[in-house]
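Labels A, B, C, D, E, F and G are assigned to the chains in the order they are written; within every chain, residues are numbered from 1.
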Amino acid sequence: GGGKKSAENNAATSIKIDGSSTVYPLSEAVAEEFRTEQPNVNVTVGESGTGGGFKKFSRGETDISDASRPITAEEMEACKTAGINFIELPVAYDGLAVVVSKQNTFIDHITVAELKKLWEPAAQGTVKTWDQIRSSWPKEPINLYGPGTASGTFDYFTEAICGKKGASRGDYTASEDDNVLVQGVANDKGGLAYFGLSYFESNSDKLKLVPVDGGNGPIAPSQETVSNGTYAPLSRPMFIYVNTKAVERKEVQGFVKFYIENAEKLSKDVGSVPLQSNEYKMVLSRFAAKTTGTIFTEGKTSVGMSMADLLNKQEGK
Amino acid sequence: MQKIKEKSIEAFLILCASITVFTTLGIIVILSIETFQFFREVSVFEFFTGTEWTPLFAIKKYGILPLVAGTLLTTLIAIAVALPLGLTIAVYLNEYADQRLKAVIKPLLEILAAIPTVVYGFFALTFVTPVLQKIIPSLSGFNALSAGLVMGVMIIPYVSSLSEDALSAVPKSLREAAYGMGSTRLQTAFKVMLPAASSGVIVSVILAISRAIGETMIVAVAAGQEPKFTFNPLQSIETITTYIVQVSMGDVPQNSLEFRSIFAAGITLFGLTFILNNISYWMKQKYQQKYE
Amino acid sequence: MYKLEARDIQLYYGQKHALKGISMAIKPNTVTAFIGPSGCGKSTFLRCFNRMNDLIDTCRIEGEILIDGRDIYKDRINVVDHRKKIGMVFQKPNPFPKSIFENVAYGLRINGITHKKFLEETVERSLRQAALWDEVKDDLKKSALALSGGQQQRLCIARTLAVEPSVILMDEPCSALDPISTAKVEELIHELKNKYTIVMVTHNMQQAARVSDRTAFFYLGELIEYDDTPTIFTNPAKEATQNYVTGRFG
Amino acid sequence: MFKDSLFKYFAIFCTSIGLIVLALLLFDIFSKGLTRIDWDFITNLPSRRPERAGILTALFGMMWIVTLTILIACPIGIAAAVYLEEYSSKNRFAKFIEINISNLAGVPSIIYGILGLEVFVRLLKLGNSVLAGSLTLSLLVLPVIIVATREAIKSVPNSLREASIGLGATPWQTIQRIVLPACFGSILTGIILAISRAVGETAPLIVVGALVYVPFVPQTPMDQFTVLPIQIFNWTSRPQHGFVVNAAAGIIILLLFVFLLNSIAIILRNRHNKRVKY
Amino acid sequence: MTHLEEELQKLYLQMIDMANLVTGQISKCLSAMLEADQDLAREVIFNEKRVNAYELKIDKDCENIFTLLNPFAQDMRFVFATLKINSNFERIGDNAEGISHYVLLADKGFDKSLLKFCRFEEMVVTVNEMLSDVTKAYIDKDPKHARRVFQKDSILDEINKAATDLLANYIKENPGNIMQALYLLTIIRKVERVGDHITNIAEEIIFYMEAKVLKHGKKSHFFEEMDKPE
Amino acid sequence: MTHLEEELQKLYLQMIDMANLVTGQISKCLSAMLEADQDLAREVIFNEKRVNAYELKIDKDCENIFTLLNPFAQDMRFVFATLKINSNFERIGDNAEGISHYVLLADKGFDKSLLKFCRFEEMVVTVNEMLSDVTKAYIDKDPKHARRVFQKDSILDEINKAATDLLANYIKENPGNIMQALYLLTIIRKVERVGDHITNIAEEIIFYMEAKVLKHGKKSHFFEEMDKPE
Amino acid sequence: MYKLEARDIQLYYGQKHALKGISMAIKPNTVTAFIGPSGCGKSTFLRCFNRMNDLIDTCRIEGEILIDGRDIYKDRINVVDHRKKIGMVFQKPNPFPKSIFENVAYGLRINGITHKKFLEETVERSLRQAALWDEVKDDLKKSALALSGGQQQRLCIARTLAVEPSVILMDEPCSALDPISTAKVEELIHELKNKYTIVMVTHNMQQAARVSDRTAFFYLGELIEYDDTPTIFTNPAKEATQNYVTGRFG
């Protein structure tokens, strides 16, 4: 019908991006910069969530889908049935910061095991005071804050810490909006939260960052440590998925290239963490090669793998 | 010729009126298709009796009651605020305040209904909760109480303005009768005016409740997203609307069971409002007072 | 001794001089009718007697209104208590949206009376006095709004009687009623006269002629003539009264 | 008497609570956002840098959406109300419709978004256009308009209709020339209430595909769009502090827009009410 | 009983009083004449004031009822009839007074034979009967009683008609008794008039009860003729 | 002009017609008597039907006005007065007819000297004047004219009173003319009655204009006495 | 020839038998009054003449209504056109919330007449006929709602006259007016009689008595008596009529 026709007409001058709200700032920044490059191309960016983005993507309604998690099997299936092929491109990291209130004086670092003890489903209703985690900590009540269960951050954190997606205690304070979590934990002496690193950076006056010991000693997240993978396992990759059909359009091709080339610089601007420079090269070549499909084999996740490894693995395959 | 014109106009009007029916049908169909799929995997019994709601966790439980409880709890708190405050304000504006004051205060209060609800959400979270925590130390950072309170403030104008309209519509003669019998203003307002305006007041309250039940952002921001089967207002809870907005705009894959659960939740909410509206219709019929 | 007395009443609505030096004395157990063209101040004057004009912000009043010899505007009296002694019945029947019983008991309840037996007795007595008891005695729980217009008006009278006032003010009590109901209310007024002092405003000259003992003719805020009803309607002293009652006005 | 004055002070207290909350909110918003408002803020495109970001496209998108919503919802809502009040007989079907409409008024807005996405965007293939968004919002506000208009029409005395019919007017002539003009004021109130609600909606528009970053002003109803509340919503969830200020500034503009609509309505209504009094 | 009904009842009772009073006046003045009882005649003259007062009162009441209570239909006819009956009774009272004056003038009493001769005693009996008939008719609201008077009135007419000749003869035969004869003639004329008034009363009662205008019954074509051109 | 005013105007004009008619009847019957004009007398008798028809019509109209238009105050008094005036005129008409009958009976005409002797001609002039006074008073709604009749009525009374003695003497002197004398006596009595009716009319006009009840003026203590006990 | 004629009208509101075999003939240029207790069917019958009852779903009618000899229910006539010939005036003055001019011109405008001169002439003529012209001629642009009650009612009559009906139906046209306005409207009716056939419902017996030529008494849906007005009020044939007009009812 008319919709399709108009979509094709618009395709000449516009690029549609939709999906994750985590990736949104980066895509927005790229789109903004791209305007100076090619003012005639209208790039639009939406934020209907990774799930919503993939739904549209799989129906051919968008050219590029922002995602804060890898595409799922069902979503791939949907793309397949609709005859849509995609190129999966990691563009940056989202570091997950574990924070406590400035008023909290006793926590200086935390181990992954302790985090697990704190967050695993079994902890629900039983782990209530800090001394249960580490005996040197005071017997004060624990208040946990975390992203909403429908978010990729939640999925990633639970998988990274508790070993299984969604494996988390339920009795914590959840919110979709990380600013809300900031508000919550900032005023809560017994509180602990995890959310995007950028939210810590903007609120470092109110919050205390907790270094995480993933086996190599406590490491505080920073652009540096996240980017080079030393801050593990709490950093997750962000992706864009490009429709191969759209790639046939020159402006899309140009845009994606521009995206990859500028992601390093721009992700710092918007508060996310860039990949390593070499990794961008690999991504660029992946795009140039129009390698379709995901780098994540079914069931496997991104946890604990460096992006370079993953990309290499894919190349190798 | 004229007949044809009249007939075609009527046909057009019927079409417009049936749009509301189509809308309802559309909502029901869209919710039902997915809900039907959902219930192929989840037992209806569990859904309506379960007290745990963890569709996004590793161990998935689909008991809607926590969400229903959360919805009812915040709505209840909002109404507990808006009803007495709104009615008191309505009575005050109608019976005590002079006309000029009323002409200023009424539109001012109506502004409360026009403020974007996100703003209210942050107000609840960053202002009301900390203040309340000074009084109630056990209050958690996200809680039904402050979300409900602020939501109550938001819907005050629904109650105050609409009820005030209803009170104004009560014939002057009735008020004069009450004064003539030697009633005080208080007695006049509560023993005569309010009962006489009951139909309009009920409608206003129902509208306010509907608004509160359907309200999303305030509860999403300030009440938390923790589905708990509790009626303790000091705790963080989750409402049906919060759940729907969280999932539908989150990262969950859209053709998954998790995603479908929002349709089941949606239809539950739809049913809840439906019951409520039937009750209100019934109450309205029962208490409706006609003055010509 | 007069029951009601007004001495040189001047009443202003903001700038508008609505009553101009009205003096009048009303004997107990009489029916007094106020007649006059629309807007001449009949209602305004009537409402002076129970200080109903207090409810209007712009209203200012001078002069004295005496009830049983006491000035109700000057003496430090309690308005609310005072109004209890002066019943009022309005143009349109205005029962409260409650049951018949509760309507009549209202005046007692606001006085804090809860004794069931006493309430029941008073309600019955008042309804009997208002010639309504036989028609409603089996439906006291029924909503007062389900009554016919004439019954409603009699209910309003019963409601007024329940608090045992000594004066009943009526502002066009029959103008909303059909002739049969009107006749019933008129009969009632005729009978109540034995126990109460009644003052009524009416636009219906026949009615004034029929039910009142004395008639006062108002014009442009002034009391033009006040005399026995037969005199007013058969042989008034003033030209203006004559013209008004014979319909040669304006 | 004592209770009476006691209540009076309690009532003044209650009224003040409402007003104080309002004052706090407005103070909060204005103190955060007022300084941010300048011509650039209004004319700039969205940007990743808070200080450079503007609301041009969001503002125009909102105007598009609101205008189209008024144009779609008002005629339909009024027509539906006219049908229900003036034509349909008062039977069980009418009762059903009545409950149905107040039911629709209580449906959360995001469900309308889902409906709009399925019906307008996908079924009717309107895409993520201004039109699809307006249609969705129209459905959302329709119940409010219908309910308000019905109440307004009910308030028109039957005697006017009979007078018109008695003079030989057709039913439609009567509605068009007598009934609707007579209750125009109250209809206006309903419309404004509805539009105020529509102006602040975020979630349903996001669901039907309203975007956030749109670097152009929509030219046709088929264009993609964003609206101010979405922009505000987005800004409030950004980590950088500058965006919080932007959000406050955006809210100020939004409130100004709503007040503008409200006051137009209030003026129109007062003028109308002065003319028409029963 | 409504206010109007009360007032009508009052009027009715007053009218009965009036009727009884006037009936008494007539019977007394005629007795006075027959029995040459001057005191009785004086009483009648004195009581005429009462009759007048009654008339005024009833008139005023009728006026007030008309004005203030606006009676319709039967009620209206009742008041209207009462008004007319009242005026007739008053005139009957007038005549009683007049007769009494002549009784006083004829101070020695009338010649019994003259009275017999003129059938005056029959006249007295008849007129008294007629009065009581008409009063009964009014009290019982029964036109049957009223109708009886028409027959009796013709007796009066007959006696009256015959009287002139009879008296002329009498005068010729008893030139000394001229004055008495002239008085008697005047009195007979008055009694005849009383008969007419009683008939009028009867007509009014019938009009009230049956809403038929009997008055000037046979001449009504004039009335209709007058009605037409309007 | 309102509907009521129109109707009152109609009534007023009709009443004037009636007054003129009756005035004519009286003047004709008296002329007939003085000039022994039998035809004129017959005309009067014939015209009595007209008078009766007028009376009925005016009565009916008054009744309708009372019932249908519910007049108040002055209007009410006007209709009330008209009603009474009407009945008085009718009775005057009755008397004119009666006189005419006696004119017919006295078929040779009356003895001029007798009439002079009894001041009958003066009586005729007076009663005609009174009638025109009272008619004028009604037409002009001017009680001044009405007041004139009381003085004149006493002339009639005086003549009437004197008549019995004068006629008795006449009879003694002219025994052949007994019948004429008796007729004359009857006629004089009737004229005196006419005078009374005219006075009543005058009273009603004054009542209507000035709202004063003159009737039975001096006897009003009775009336008040009766009023009290109620 | 009769202007209006009803032949054995049976009317039902759903199950309720509201008019029971009413037959009546009304001559042109007369004023006919309908009287009777509340709910007896006066308004219902009146509204048969301009098929106003068509607007009520539950209403079913049998029998014939003839206007100028044509059966308006049977003949295939255009209801809307028909109503233009039968003007109607209601209990409460109900001017449209428009200017005085537009109120009167309304009937013409809905017929598509826009010729300015013609409209102006018609408006003036109608207002003159309704005895309102002199009072409003300088304010034709003023809102009709700013007029007094009595003026409003005359405006409604003028509005009706503008479409040149031959019959005017009035349903209690004065019940909302004060006595002075009532008198004016009554006078008007009295004058309009020369050109129009007028049928009016009234609860005011005096009014029926005053203005009508013929009066019909209804009771419980039946026409009890229909006769010349003086007869009905002074000497009705039926006991029931007598009782009603003398106020001895119920």
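As a convention for this text, a contact is a pair of C-beta atoms (placed from the backbone, for glycine too) under 8 Å apart; a residue touches a chain by one contact, two chains touch by 3 or more.
Since the model is a prediction, treat every value here as computed from it, not as a measurement.
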Set of chains adjacent to chain C and to chain F: E, G
Chain pair with the most C-beta contacts: B-D
Mean-CA-position distance for chain G and chain F (Å): 48
Length of the line joining the C-alpha centres of chain B and chain D, rounded to whole Å: 17
Geometric centre distance via CA averages, chain G-chain B, whole Å: 50
Rounded Å distance, chain D centre to chain F centre (Cα mean): 90
Interface hub residues of chain G, defined as touching at least two other chains: 80, 183, 205-206, 209, 233-234, 247
Interface hub residues of chain E, defined as touching at least two other chains: 2, 4, 63, 67, 70-72, 76
Numbers and ranges of chain B residues touching at least 2 other chains: 2, 184, 245, 248-249
Pairs of chains found to touch, sorted by chain label: A-B, A-D, B-C, B-D, C-E, C-F, C-G, D-G, E-F, E-G, F-G
Contacting residues of chain D [partner chain A, same complex]: 45-49, 122, 124-128, 206-207, 209-216, 222, 224, 234, 236-241, 244
Touching residues (chain side chain C, partner chain B) in the complex: 50, 52, 55, 57, 80-84, 86-88, 90-92, 94, 96-98, 106-107, 109-111, 145, 156, 159-160, 163
Residue ranges of chain B in contact with chain A within the complex: 52, 54, 56-60, 125-126, 130, 133, 140-142, 220-221, 224-228, 236, 238, 245-256, 258-259
In the complex, chain A residues that touch chain D: 1-4, 6-7, 14, 16, 18, 21, 24-25, 27-29, 31-32, 35, 42-48, 52, 56, 59, 61, 176-179, 196, 198-199, 201-203, 266, 269-271
Residue numbers on chain E that touch chain F, as the complex places them: 49-50, 52-57, 60, 63, 66-67, 70-72, 76, 80, 83-84, 87, 105, 164-165, 167-168, 171-172, 175, 178-179, 182-183, 185-186, 189, 213, 215-216, 219-220, 222-223, 225-227
